[in-house]
Each structure stands twice: as C-alpha cells, then as structure tokens.
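You will see two complexes here that share subunit A, one where it goes with subunit B and one where it goes with subunit C.
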Partner chain A sequence: MVIIRRFILYFILIIFALFMLFPIYSMVTTAFKTMPEIVGSRLTPPTQLYLGAFKEAFDSIGRPLLNSVIITVPSALIGTFLGSITGYVFSKFRFWGSDALFILIVLGMYIPAQAVLLPVVKFSANVGIFNTYLGLILPMIAFSIPSATLFFRNFYMNVPTEMIESARVDGCGIPGIYRRIILPLSGITFAVSVMINFTWIWNSFLWGLVLTQGPAVQPVMVAVNNLHGTYVAMWNVQMAGSLMAALPMVVIYAYFGKYITRGVLAQRK
Partner chain B sequence: MDRKTKIFIFLFLLPAVVGLGLYAYYFSGWNLSISMTNARSLIFPAEFIGLGNYERFLGDSVFITVVKNTAIFTVLFMGGTLLLGLLLAILIDQGIKGEGLYKVIILIPMAMPMVISGVLWSWMFSPRMGVINSLLRVLHLDFLTQPWITSTSQALLCVIIAYIWVFTGFVALLYLANIRSLPNEQSESARVDGASKFQLYWRVIIPQLRPATVMAFAVLFLNSLVAFDLVWTLTMGGPAGSSELLGTLMYKQTFQWNYFGYGAAIAQIMFIISMVVMVPYLYRSIRRR
Partner chain C sequence: MSKVTLNGLTKRFGKVEAVKNVTLKIRDGEFVALLGPSGCGKTTILRCIAGLEKPDEGDIYIGDKMVTRLSPPDRNVSMVFQSYALYPHMTAFDNIAFPLWIRKRPRDEIREKVKKTAEILEISEFLNRKPGELSGGQCQRVALGRAIIRNPAVFLLDEPLANLDAKLRISARGELKRLQKQLGATMIFVTHDQVEAMTMAERIAVMNNGVIEQFGSTDEIYQQPANMFVSGFIGTPAMNLIKCSLVERGGSISLILDTNTLPVPDSIGRALIEKIKSSDMVFGIRPEDISIHEKNKPNSYKTKVYVVEPLGNEKLVTVEMGNTYSKVRTRLDFKQEIGENAWVDFDWNRAYFFDKRTGKVIMHGLNKSANRR
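Let's look at the complex of A and B:
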C-alpha cells in the first residue's frame, strides 16, 4: 500500500516536472538543429551541434542584447540605490504625512504600465528622449523604486534603532549613518534588490516596444519578438534567439533563484 | 527633529517623489485627460469629449468579447494555477527525494521572460510543425491533434495553459512555505485522533493557508489584468479577436490604429480595476507589519 502510494506520488511529480521542463528542452534542442533536421523530427535531440541558427539570430539580436545591458544595468543599480535611501527614511523617521507618502510610493508598483504609456511616449518625444537609452532608463528607474523601497524599508526596520542613536550621539548626520551603518549592513539585500530589478527590466517588453524605433536602442525582448515575426518558419533561429536572450536570467536564476520568488511578489511588469 | 535632519530627509526622498510623481502620478493623470479626448495624433490638439470614449467602449462589439475573454482567462488561469500549485505543494510536502532540485525545476518557467515563454508556447502549439501535435502523431494519437492557436475556439485556452505553466511552480512554493511555517501541534493532535492524510490536509492544513492564497491571488490577479507580453507573442489577441484581452486591445487601439483617446480610456479602466483590487491588499499588508 505504502509502495503504491509512493509510486503514485512520484509519478504525478514527474508529470509536473515534465510539463515544466518540456518547453525548455524543446527550446534548447531545437536551437541546435538545422531546419531539415527539425522537419524530420521535432522531438529527438540534435544529431550534431549546429550553430548556424545562433549566428543568424545573433545578427538580429546582437545589438539589442547590448542595448538591454546598457539600459538594464544602470536602471537596476540606480533604482536599487534610490529604493534604499527612500526605504531608510521610511523605516527610521516619522513625520507629518509619512505614512501616506509611503503608501503612495509603494502604490506605484500597482499602476499598470498601460495606464502611463501614452503620456510617457508624448513626454519623451517632447523633451527629445524618445528612442534614446535615457528615455527607457528613466521610467525603469522610476518603476523600480516602489518595490525596492518596500523591500529595503522592511529590511531596515530590523536594524536596531540603538545602533543608529549611538552613531548620532557620536556626531554622525543622516548621510553618515546611512553610509557607515545602514549601507554596510545591506550587502546581500542590495545584491538581491539589484537582481530583482535587473530581472524585471531585462524581461520587460511593452516599454521597449513603444519607446524605441529600429534596432539602435531597441531592447532584446522587442528584438526577440521581431525575430518571432520575421523568421516565422525558422524555428531554430527563433529558439536560438530566445535562448540567448534568456541566458542572463538563467545565470541570475542559478545564483538568486530563491530570491526571485520574492522579487516577483514585489513586482512584475 | 532638527533642521539638518529635515533637510536630509527631504533630499533622500526627493528622487523617489520626483520620479514617481512624474512617471506614475502625473502621467496617469495625463492619461485620464487624454482618455476624455478624441486624440488621434501626438501633435494636433484634440477635442474634449467627456466620457465619450468610455461610452464607445461599452457599446463596442469588442467589449463583449474582451469581457468574456477576460472572465474566462482570469477564472481558468487563476483557478487552475492556485489548484495545481496547492496540489504540487502538498505532494512536495510528503517528503520526497531531491526536493531542492525539484523546487529549482518547477521555478524555471517563472525565471523565463514572458516574451520568451510566448515564443516557446507558440512553438509548442504551432499546428503543423508544432511540438505538441508532433508528439501526438508520434504516439499514434493523430485524432487528438488540434489547430491550437490558429483556432478561434482554442487560442484563449492556449494562452491560459501557457500562463498556468509560468506561475504554477511559483504558487506551489508559496503554498509550501506556508505549510512548512504552520505550527506542528494541530497536525500532531489530528494525527493522534486518527485523521487520514486527506482529512489532515482538508480540515487542518488547507484552512490555514489563507496568507499564501491572498499573496498568490494578488500576484496572479495583477498579472492577468495587465497581461500583454506572452499574449502578444503567442496569439496577438487573435485569431479574429478570440484571445483579445484588455492589454492587447489597448495596445492595438493606441499604437497600431492611433485611437489615442480610446486606448487611453481602456488603459484607464485597467488602472481603476488595479487600484480597486490592490489598494485594500496593500493597505492590509502594510498595516499588518
């Protein structure tokens, strides 16, 4: 009885695992096949490692990959830093309207991107940052702040106030306390927040779709979508492009997997 | 609080206040005002038409389609993900070999960018070459092959399956964390009283999983409300509007057909729904801390 139960348990778990892994398996194997090989069989692994599809996909998404790095890295870093100083203030100081202001800032993460998209396009065109890196970096920073603020505020709440008081007695101002006490304590929190922001900015699609034109500034997710539209029947090229665009996520995920869950809780736009 | 402290608080909050004030609040206000015009261009001035766009949307034939699709999508996606996630969490909780690795595996779909999940599933669901139909043919189940994303009756279902794929592992881990954090006494006493495993979960454990459910609900709801990336790469809302959701309709109206006022009105409706559902959630979760 127990053995049958265990058997059924593992059987169902394996079904779930296959469901999760099958599309990934298919992406990786298809990316290394030639088209004739794909026409022959979609399910078997490749007989040789064909890299032509990667080369072809890279011609289209190479530049956008670089664009995404240029957009994502500063946005994730600055967004995290701003979230950290904002979270610090809300964790340790109370002033008139501080609760309301905190809620308004955090509420920013529940504003659908769609609800500000058109004004952002108009504004960016007006001030001349449409189709520039800056035009994408600014909204990415702004929408990184809410979740980062919440994240850091919850973390700093646990930093004992006595520590801060004693530093203040020693003559530290607020920036001094932040730099000497708060910041050194936030190492791993900082790294996690950067990764969380990196993830959503790298993965974001709609912003790049409406704020860029042509490949010069275009982020990689837009380029992958275009690849999907232009190489309609060339599934190996589509899969190779997808694999390359997903690679940074795979790396981050390998190191920060368990934290991504939390990040998703905070924000996914 | 001395003057210097006040100045520094002001300076520390300034970037967040300016950034969000502009990008979140000023722009959503601007969007509201665009939604009350008949704007069709970024340059030429538009006429104020009050709630005209909202009225037009309510009377539009696509309105019924989108409401129906959104209802089906939200219910099946959220229901399916919550149920499968809960089931998976309970199964993992039975004490399995290789739990760490298993958790990594089920979280992989969530780590994938939504655009890429869309491309992946369009490969899965492609009717002629696609992987699922190929698999069915290899298994000699040809009669089960489907038109999938090319069929008006199945496209939305394909989107739902892809979304369930993305979020199930994540919800399972939420539930698992909740189950593991429950105090042991109740389960122990239930076991002493001779409760079966099923009774233990059904009567003792599941009723205590409210925190994970609320959290998962919030994440899934927000994602289904703003759904765009995956739907766009998988079906583009088609064929013939059969998988059209608010996000895809808003994009088409605004950025493909230049009905700026109309698109802004649809976006504004998304904004209102999000606030109505998320503000109480946020209020609750902040107050509890």
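Let's look at the complex of A and C:
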C-alpha cells in the first residue's frame, strides 16, 4: 500500500517537474542550434555546439547586461540597508504615529506597479532623470523598502529588547546601537534580503521598459524582449539572450543559496 | 556614587497600575533590595530609575539632580538585566569594554580597565570567549563587569542571581556583597528571594501590588513587620497568622480562635485592650516562637498534629488549632505523629497583633508600645 501510494505521489511530482523543466530544456537546446536545425526538428538536442546565436545575442544585450548590473546592485544593497534601518526603528522604538507610519509603509507593498506607472514616469521626466541609471535606481529602492522593512522588522522582533535597552543605559545612542549591535547581528538576514531584492529588480521588465529609451541605459530584460527579429523570429538568438540574462540569477542562487542554508542552520543551533 | 530618591512615583500600563505613588529615599553608597512577589512592580521601579520607562507621576532624583525627564544615556546608571543582555556577537572582553568604547576612551585605558575588572570578577581566562561559550555564572560576571567598568552614580540589578543554580547562587551572594562594599557603590537590586534580600541588603523595600509595604533593615523587617503582608512574606516558613477575637471574662483576657479559648498573659492583654477599636484581630507568631509538647502542660493549648516535616537538624510540625493550621519549628526528637495530640504554648513576648481590616500591626509583645497607627 505504502509503496503504491509513494509511487503515485512521485509520479505526480515527476509530471509537474517535467512541466517546469521542459521549457528550460527547450531554451538551452534551442540556443545552441542553428536556425535551419530548429526549423528541421524542434525538440531534438543540437547535433553540434553552435555558438553563433550567443555571439549575435551578446552584440545586442552586452551593454544592457552591464546596465542591469549597474542598476540592480546598488538598488538591492541600498534598499536592503534602508529597510533594515526602518525595520530596526519600527521593531524597537515607539514614537508618536509610529504604528500609523509603519502601516503606511507596508501598504506600499500592495500598490500595483501599473497604478503608479504614469506618475513615476512623469515625475522622472520632470526632475530630469528619465532614461538615466538614477532614474531606475531610485524607484527600485523606493519599491523595495516596504517588503524589506517588514522582513527586517520581523527579524529584529526576535532580538531581545533588553539588549538594546542595556546599550541605551550604557550610553549608546539609537544610531550607535544600529551600527554596533543590530547590523552585526543581521548578516544572514541582510544577505537574504539582498537576494530577494536582486531577484525582482533584475527581473523587473515593466520599469525598465517605461523608464528608459534605447540601449544606453536599458536593462537586459527589456533588451532581451527586443531580440526577436523584425522579419523572422530568430529563436536561437532569443533563447541565447534569455539564457545570458538569467545566468547571473542562477549563479547567485547556486552560490549564496548554499551559504544561506548553512547560515540559517547555524543560527538555529 | 549618589543617593537616589523616588518621589510619589506612579507608573501605569494601560489600566494596570504597576507602581503606585512610591516614595523611597536611598542613601549614598547603600545596598538596597526591592523584594516582593512576582508582578508587584519591582522591575518597573528599576526601569523607571534607568529611564527605560517614563513615570506617569512623580519624580526621580539621582544625587540632587532631577532625572525624571532625562533619557537613559544621560542618567549615568548601570543596569544588569535578568537575562544579562550580553551582546552575542562580541567576546566577553568587548562586552565589558562596550561602555568605554561608546565613550571613545583610549585603547590603552580600555585594555587596562577591562583587565582590572576581569581580575576583580575572576574572569580573566574567559575574556576571549563569546557569551554562547560561557556558563550562566560566567555570563553573570561578564554582565556585572560591563556594569562596574565605569563609575556610574548608581547600579541597578534585576534579579542578578536568578539564573544561577542553587549552590552558585549562595557563593555569588557573598561575592556581590563584597563587591558592593569594595566599590562603595549605591546598588539597588531586585529579587523575589527573601533570603537573598536579607543576607545581602542593608535595607529592604518590601513591595506588594505596586506599593512599598515597609522599608527597613533585615532586623526591622523581621522583628518589627509593619503589617500582615510583610510578616507573612518574610521568614521560612513565614509567620503564622491566625484570625481571632479578644475577650475579657471575669478579669482574665483571652483570644477566641473559632470555638477555642486561648488565655493571654495579663500584661499583654491589658496593653492590647487599650489599643484596639474592634475585638476582631489577627494574631501572629513565628514558627520558632511556639513550643510544642507531647504532653499537656499548664497554660498550653491542645492541638492535633496535621503533618510533620523533618528538616535534618529540626522538625517542622504543622498543627491544627480549631480551623487554622500553624507551623511550629521544633527539636528533632519530637515524637508525635500525624493525627496525634500535641500541646503548644507561645512566647508571648514575640507575639504580634494585627488589625484585621487594615492589616497594620497593632502591637507586638516585645515592645508593647510599638505600633504604627
């Protein structure tokens, strides 16, 4: 009985896994094929490793890849940093209006991007940062603050308040406590938050689309979308571009994911 | 070092009045215990002095300076928390050095002072370890070290010994007392352990329900309890408190316990009659001030043995007197067992009488005029 039940369970899981894995398979194989090969047979593996599609894709998305790095890294770091400060304040200090302010900030998470699209674009143009790195970095930071605040607040709730009070009595100010006690204690939480921010900012297509024009500042997700040829769909080039655009995320998760698991386990000890 | 004065301190948490109109004058260099049952407001008082809670009413003075509205860093106090609140990411050395580090003292001075502090507390070997690698007793000393490394006006300690095991607690008691003398520091510590309070403190503030029931030395609190709460809280076991009424019949004065009559020596009876408004009162007597006998004796009172607890060097006998139970401390060779009769008589010079309604002491046998009405 148990074995049969197991079998059915695994069968279902495998079906779902295949469902998820097939597009990846398709993407990888297509990227290494020539166009005639693709037209010939869609699903078979490539007969030789053709790298021309990568080269062609890189010619158009090389610069956007760099743009994405320039935009994502500081946004993810600064957003996390600001979120940890607000999270610290909201978890450990009560002041006039603190509850209301916290709710307002967290509500920011539920505002759909479409709702503020036009105002942000307009504002960006008005202050003269449209189609600049700053024009993307600032909104990305702003949009990452609500979730980071909530995330850090929940983590800091578990830091004993007496530790902070003890530092207060010992003569430490509120910024000093953040720098000397709170920040050193948040290593792993910090890394996780940076990763979460990095992921969504890197993958954010909509904001890149509306806040930039042309390849000079354009992030890679928008550039990849523009890879489809004007007259013919260059499947291999598109897939190669997508692969390259996704690669940084894969590398980061492969590398830091292990580190985070280890960190969480160490913290549980 | 400074004196500490609380003036009409009141602190509310929503509807709960945690501290009610407390006035307390602590002398310069004094070692004071705040003693009381759980939830009576001891920690709240300490936190008000440290500036971690804002009082709703009243003022706090450290030395001659009013600090009621100052924030904690500006009050120059040191506090040891019950949880010790050590910083887990810093070594013992850095934990102890923290207050000096904040004050941007020179490195050499910090190293020198930490070394000296560690020597006083005998933790020099552990300075490189982090709190996670230290035992409870070692953590406690690191927390003390962090408090004494600078020279605050007053030390506040919240149940500093509560997390130690029984044996360590007894030695830590002595060490802390010596340390206080050595530093000549004003120290206020919170405890709900009366033995801790009585052995360490010069004066004890006995608290109940947000008020200070009595503030005095161990002797005063033990010998001259101000009211029923204090007498019922202090002593192991505490004083027996027996509801009774006073009657005068045919020239002799007695206490009526339920249906039984207990004759009272004339001198005490007369003095009592002069002081009371109502004949209902509570009679208090400590377990060591009752003698118990296997046989009837003149002027003794017949009781039944309810339970006998041998303590190694003595026995604790609970006897049934009418509807009340009283504890008696007696010799190890006391023979009677549960259910058998025993006769008790009282050291009337050590008896206490309390007003049943207010709980205040009316009189006690030793000092027939002493009362706090």
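General remarks:
In this text, the second predicted complex is superposed on the first by the 242 of 269 C-alpha atoms of A that agree within 3 Å, B and C clash if a C-alpha of one lies under 4 Å from a C-alpha of the other, contacts with A are read in each partner's own complex, and residues count from 1 in each chain.
We adopt the following convention: a contact is a pair of C-beta atoms (placed from the backbone, for glycine too) under 8 Å apart; a residue touches a chain by one contact, two chains touch by 3 or more.
Every value quoted in this text rests on a predicted model; they were computed, and no experiment measured them.
In the superposition on chain A, A:Val120 makes contact with subunit B only, not with subunit C. Of the two partner chains, neither subunit B nor subunit C is touched by A:Leu211.
In the superposition on chain A, A:Gly173 makes contact with both subunit B and subunit C.
Ranking subunit B and subunit C by residues of subunit A touched puts B first. In the superposition on chain A, A:Gly108 contacts subunit B only, with no contact to subunit C.
When the two complexes are overlaid on their common chain A, residue A:Met195 makes contact with neither subunit B nor subunit C.
By the document's definition of touching, of the two partners only subunit C reaches A:Glu165; subunit B does not. By the touch criterion defined above, A:Leu136 lies against neither subunit B nor subunit C after alignment on the C-alpha atoms of chain A. Common to the subunit B and subunit C contact sets on subunit A are residues 173. Partner subunit A is touched in their complex by these residues of subunit C: 50-52, 71-73, 75, 77-79, 81-83, 85-89, 98-99, 102-103, 146.
The part of subunit A that touches subunit C in the complex is made up of residues 160, 162-163, 165-173, 176, 180-181, 184-185.
Only residues 1, 4-6, 8-9, 12-13, 15-17, 19-20, 22-28, 30-31, 34, 42, 84, 88, 91-92, 94, 96, 102, 104-124, 126, 129-131, 134-135, 138, 165, 168-170, 173-174, 215, 219, 222-223, 225-226, 228-229, 232-233, 246-247, 250-251, 254-255, 260, 263-264, 266-268, 270-271, 274-275, 278-279, 282-283, 286, 289 of subunit B touch subunit A when the two sit together in their complex. In the complex of the two chains, the subunit A residues touching subunit B come out as 9-10, 12-13, 16-17, 19-24, 26-27, 30, 38-39, 41-43, 82-83, 85-86, 88-89, 93, 95, 101-108, 110-123, 125, 138-139, 141-143, 145-146, 149, 154, 157, 173-175, 178, 202-203, 205-206, 209-210, 221, 224-225, 228, 233, 235, 238-239, 242, 245-246, 249-250, 252-253, 257, 260-261, 264-265, 268-269.
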